[in-house]
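Per-chain residue numbering starts at 1, and chain names A, B, C and D are given in the order in which the chains are listed.
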Amino acid sequence: MESTFIDIVRRALDEEMARDGAVHLLGEDVAAGGAFGVTKGLVEKYGAARVRNTPISEAAITGVATGAAICGLRPVLEIMFIDFATLAMDCLVNQAAKYRYMSGGQLSVPMVVRTQAGALGGAAAQHSQSLESWFIHVPGMVVVVPSSPVEAYGLLKSAVRLGDPVLFVEHKRLYAMKETLPEDAGPIPIGRARVVRSGTDVTLIAYSAMVRSALEAADNLAKNGISAEVIDLRTLSPIDMPTLAQSVAKTRRAVIAHEAVEVGGVGAEIAARLAKEAFYELDAPITRVGCPFAPIPFAPELESALLPGSRQIEAAVRELVR
Amino acid sequence: MAELTLKTLHHFYEQLWRIRLLEGQVQRLAAAGEVPGFPHLSTGQEAVAVGVCANLSAGDYLFSGHRAHGHVIAKGSDPFAVFAEIIGRDTGLCRGRGGSMHLVDAANGVLGATGVVAGNLPLAAGAAWAAQVQGEGRIAAVFFGDGATGAGVFHETLNMASLWNLPLLLVCENNGYAEFTSREEHSKVGKVSAFAAPYGISAQTVDGNDVLAVHDAAQKAVAQVRGQGGPWLLECMTFRMAGHYVGDAQRYRSKEELAAVREKDPIERLQRHLVGKGTPQGELEAIAARVKEEMAAVVERARRAPRPDPASVMDYVSSAVLPQQA
Amino acid sequence: MAELTLKTLHHFYEQLWRIRLLEGQVQRLAAAGEVPGFPHLSTGQEAVAVGVCANLSAGDYLFSGHRAHGHVIAKGSDPFAVFAEIIGRDTGLCRGRGGSMHLVDAANGVLGATGVVAGNLPLAAGAAWAAQVQGEGRIAAVFFGDGATGAGVFHETLNMASLWNLPLLLVCENNGYAEFTSREEHSKVGKVSAFAAPYGISAQTVDGNDVLAVHDAAQKAVAQVRGQGGPWLLECMTFRMAGHYVGDAQRYRSKEELAAVREKDPIERLQRHLVGKGTPQGELEAIAARVKEEMAAVVERARRAPRPDPASVMDYVSSAVLPQQA
Amino acid sequence: MESTFIDIVRRALDEEMARDGAVHLLGEDVAAGGAFGVTKGLVEKYGAARVRNTPISEAAITGVATGAAICGLRPVLEIMFIDFATLAMDCLVNQAAKYRYMSGGQLSVPMVVRTQAGALGGAAAQHSQSLESWFIHVPGMVVVVPSSPVEAYGLLKSAVRLGDPVLFVEHKRLYAMKETLPEDAGPIPIGRARVVRSGTDVTLIAYSAMVRSALEAADNLAKNGISAEVIDLRTLSPIDMPTLAQSVAKTRRAVIAHEAVEVGGVGAEIAARLAKEAFYELDAPITRVGCPFAPIPFAPELESALLPGSRQIEAAVRELVR
């Protein structure tokens, strides 16, 4: 039976809460089901002590979760929009990510920060950003970016069990996506990318909602005899370079695509690594597809003029494979 | 306080309807899929906007948040430009870049609504600081919800406003909710105005559904703030008649709670008052009808207004003097 | 409160000296260039650490900030491991990774000092939450300065602590300064304890230079907190005898202000009390001399302790299970 | 006469305050001279109304400055350590950087955020970071990173006059550096890099304190007959790609060096652009020199084991030019 991303994420949370009494949820409205309904019904099942509504206090929510994680709880907190992670950066960056290191290995922070990102339907400049690249610059943070409901299920389970602070980014455009969870679905290892489609002419590297756009582009390119390999990064920190390098060694061309602003995005890091590690294997410039350098505008015409998608990926490939 | 003239009261009545009806149109068009994003209506809370803004001039600075429509209208911005922005048109206040949560009308002193809860508070304090430096008698006012008191920057702002004796009017619209979470669940603090005391900031809590009470309190507050007497925190107890945003099913509210609406509705409240004072019911109905027509026309004009040109999407990122980023 | 035994008072006296003398060594070695970073001394404020921590057990969770040496010693951590960390040795508490501002001694319940003002507050609340869940009677305590009350997260933490009724003891060391800025300049709030009232949090302000007063107040507070009676904010008025950090010339403080030191010094205060109670001056001098020797030995041992191996610099970044980042 | 970085920055502030009454300073201890003495004496000269001490409230300080900037003041605020910019990210990213755009050009935020960054002498994990790369990912923010006292003078003047929010990052290792301010020193245009030393075999791209390390490396390399061109980026957003591309077209090799963590750093963006725009001109892999993926440790042996410098730059070049 097919279920939405929201339902499958809820199922993963539910199972992890059932498995481990240390898992607790907290965040604004989470007991009410959360702004998007992800946590609906969990307070009824696990009680208000384990599913905790909070005030609008992103800094304290994150700090409380970090402090609790140090002491043995496994908090899963929700930052309603990644745009508001801006209010929790001290704790995430200066405290949570560095605890293990600064304490010389005495303490760790097994905590998951679930958040929701990306642009959709006029959420505008302050509710549409994709800020994940900031976090790959922070040693000690793990960054996970599922591309589908089934992926989210397995990656969230691993994130909850990991023992490090994990930023878990759910794209709002994926929330309505449906998939059937395989019976044997289980945790998906963190730090390994996945070849979603194999091909020989170009490697399309993407993550989160952009994986679907890459697959669409690959479909269209196939009609023109261009064979694209599509890789879903799954995890942005750490990045699975061996899988990328192996693919690029075969295809000799790479396009990296994400919705985040191109400048300073995760694609920059991947391009830089390929430009170093795969330099002699490349037959064409490494190309990035990302959001042009502007905030996300409100009006639909502007929003869609700005956001990158399969069309831009296709165009980038066509420029490389001529 | 001087007794308000009937003319002023009728103007309040008209303004309340203007907001109510404009937002009614937002709801209608949202249902029809014509409003991008997720608009938040101030239905039921209009008396706060009208009562406070009646004490501000166009030169005063105003900041608001995600529930801003009423504030901007009450400050005197053109309903057409407001509505056109809400539906993302090029002739909207922000040329379609901002939308419902980011209304700016600089010429009218509306310096910004922000979608980040409490993010507006220090900005308003900064505007108040600028007003203080300018020395032209301006003040800055900011609207925020009860939920915003959970945010640290609210408290940081109180501290700075008191230290710098800023001409800042802080208006809390306490509607008892932060999204779906009731006030009892997000704070144990009985009154938002209680936060002012440690700082020595003047504060008052009033019935925010009573435009006259709001006006009266705001008048007193503005007089102090404008007279360099320092900041004022005005808490208006109010009632969100609608959901948190358009589309919220409000399963978390009881029938009893929602049933209180007739008693609390600020428009009905003022109507009862005016009828009691002798204004014929018919005259009031005529005002409402006129505003209704006006708003319908505004909306139709806005719907026909041009959409932004996709080719202009990179405009306004930075100063023109800077080399453009890739 | 039961009268404290003479033995306990002598122990306090010894602990005050232990902190004073260990920090004296920090200052001495800092002047000699042997202390990396910029250590902050708690000289003059030791009574707060000693009086509060006497009411905590090793199982209780403790958090501190940039001025943490005294708290960690008072909580019972090994002075050698503390000092070795302060000078960056491999046998230091954090294997030389943390330093003066980041002391952690997990086995002793010292869960973290942080260099970000107020950053420790929500962490302590989180530890208190964990303690509440664990149900083993633990509490969490956190030390912070008066300057930290300017930070929003202090207020966010009060709100959450009151809502969740957390077993959290908040101890403000009000020394009248945030770096070089006096309290009058960074807050108009007379007493830090006043911030508790709106939340219904219990609070008290005490003379933080009097270890007996601190102990007494902390005992009462801890009893409530441990008894699930909710959080407590204890404000200790104290006096920073040294500069903000080692090397601060303190040009912003008047001679008169600094001259008050003899009267305020918590060690002299307790000494006067003990002599008044009949302890011979010589006995007290013997305690101080013994601790002095002890600390000198600790310091020499720490100076001879091994430095961290540069090859280990990438240890402890993340779980071992994760593939290593480039 | 030679003056330190600190004195020359103070002079720039002083002159800008004298020139324009709208310029105001605010921040923790700034009236007391600031934690590093940069603003010493300015309160005596311009009064407590224009040089304002603040509480420890990074979010509000930044918000107040932003609000004042909208209304016509030209605030220069100080965030004592860039590590604490984590507390002001909402305002910087969601408000200040987007104001012009979200208001459709009605308002702008002429504000300078002076801050101090980098590692030196055991300041440890929370007082040593180099977080500038986050800000190049934010459309609307300008990022300026002077490499010397004279550079700081000219760039700060331009920043104050610009009309956009500028993050102005001063490296703590530069504070004691001395230079003589030329008599004709004036504003230095923002957005243009500077060729500090010309060479033919490799382009060393650096900024802030790392420019000196690059020059040292170039000196040493010259002794072995390797001619390195050194470019000081001066501005990280916008990046002056034409200057970089021109240099690389000549040298055909590039090494990008910064103290910030290599992963997700500014070097990634530059490498990615060169990998795209200069692909056919490159004779060797693009190489980055940055901080390995760990927080900054406290002990001096660990700190110096982690931090990159001229030695790492030299080694990187020697690997490319063989």
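Keep in mind that, in the parts below, contacts are C-beta pairs under 8 Å (C-beta built on N, C-alpha and C of every residue); 3 or more make two chains touch, one makes a residue touch a chain.
Note that the coordinates shown come from a computational prediction; the quantities given were computed from them, not determined experimentally.
For the pairs B-D and C-D, the larger set of C-beta contacts lies at B-D. When each chain is reduced to the average of its Cα atoms, B sits farthest from chain D.
If you average the CA atoms of chain B and of chain C, the two centres end up 46 Å from each other. Per-chain Cα centroids separate chain B from chain D by 40 Å.
Averaging C-alpha coordinates per chain places the centre of chain A 30 Å away from that of chain D. Between chain C and chain D the centroid-to-centroid distance comes to 36 Å (mean Cα coordinates, whole Å). In chain B, the residues that reach two or more other chains under the touch definition are 94, 96-98, 102, 114, 116, 150-153, 156, 159, 163, 185-187, 317, 324-326. Each of the following residues of chain D touches two or more other chains: 54-55, 57, 59-60, 83-84, 87, 90, 94, 101-102, 124-126, 139-140, 237, 239, 263, 293-295, 297.
The touch graph of these protein chains is complete, with an edge between every pair of chains. Contact residues on chain B toward chain C in their complex (touch as defined above): 149-156, 159, 162-163, 185-189, 194-195, 197-200. On the chain C side of its complex with chain D, the touching residues are 35-38, 88-90, 94, 96-99, 101-102, 114-118, 147-148, 150-152, 178-181, 185-187, 252, 307-314, 317, 324-326. Chain contact summary for the complex, chain B toward chain D: residues 61, 63, 92-98, 102, 104-107, 111-112, 114, 116, 119, 121-131, 133-134, 140, 152-153, 156-157, 159-160, 163-164, 315-319, 321-326. Those residues of chain D whose C-beta lies close enough to touch chain C in the complex are 28-29, 31-33, 35, 53-60, 83-84, 87, 121-127, 262-263, 292-295, 297-306. The touching residues of chain A, when paired with chain C in their complex, are 24, 49, 52, 54-55, 57, 59-73, 75, 90-91, 94-95, 99-108, 139-140, 142, 162-164, 190-192, 237-241, 273.
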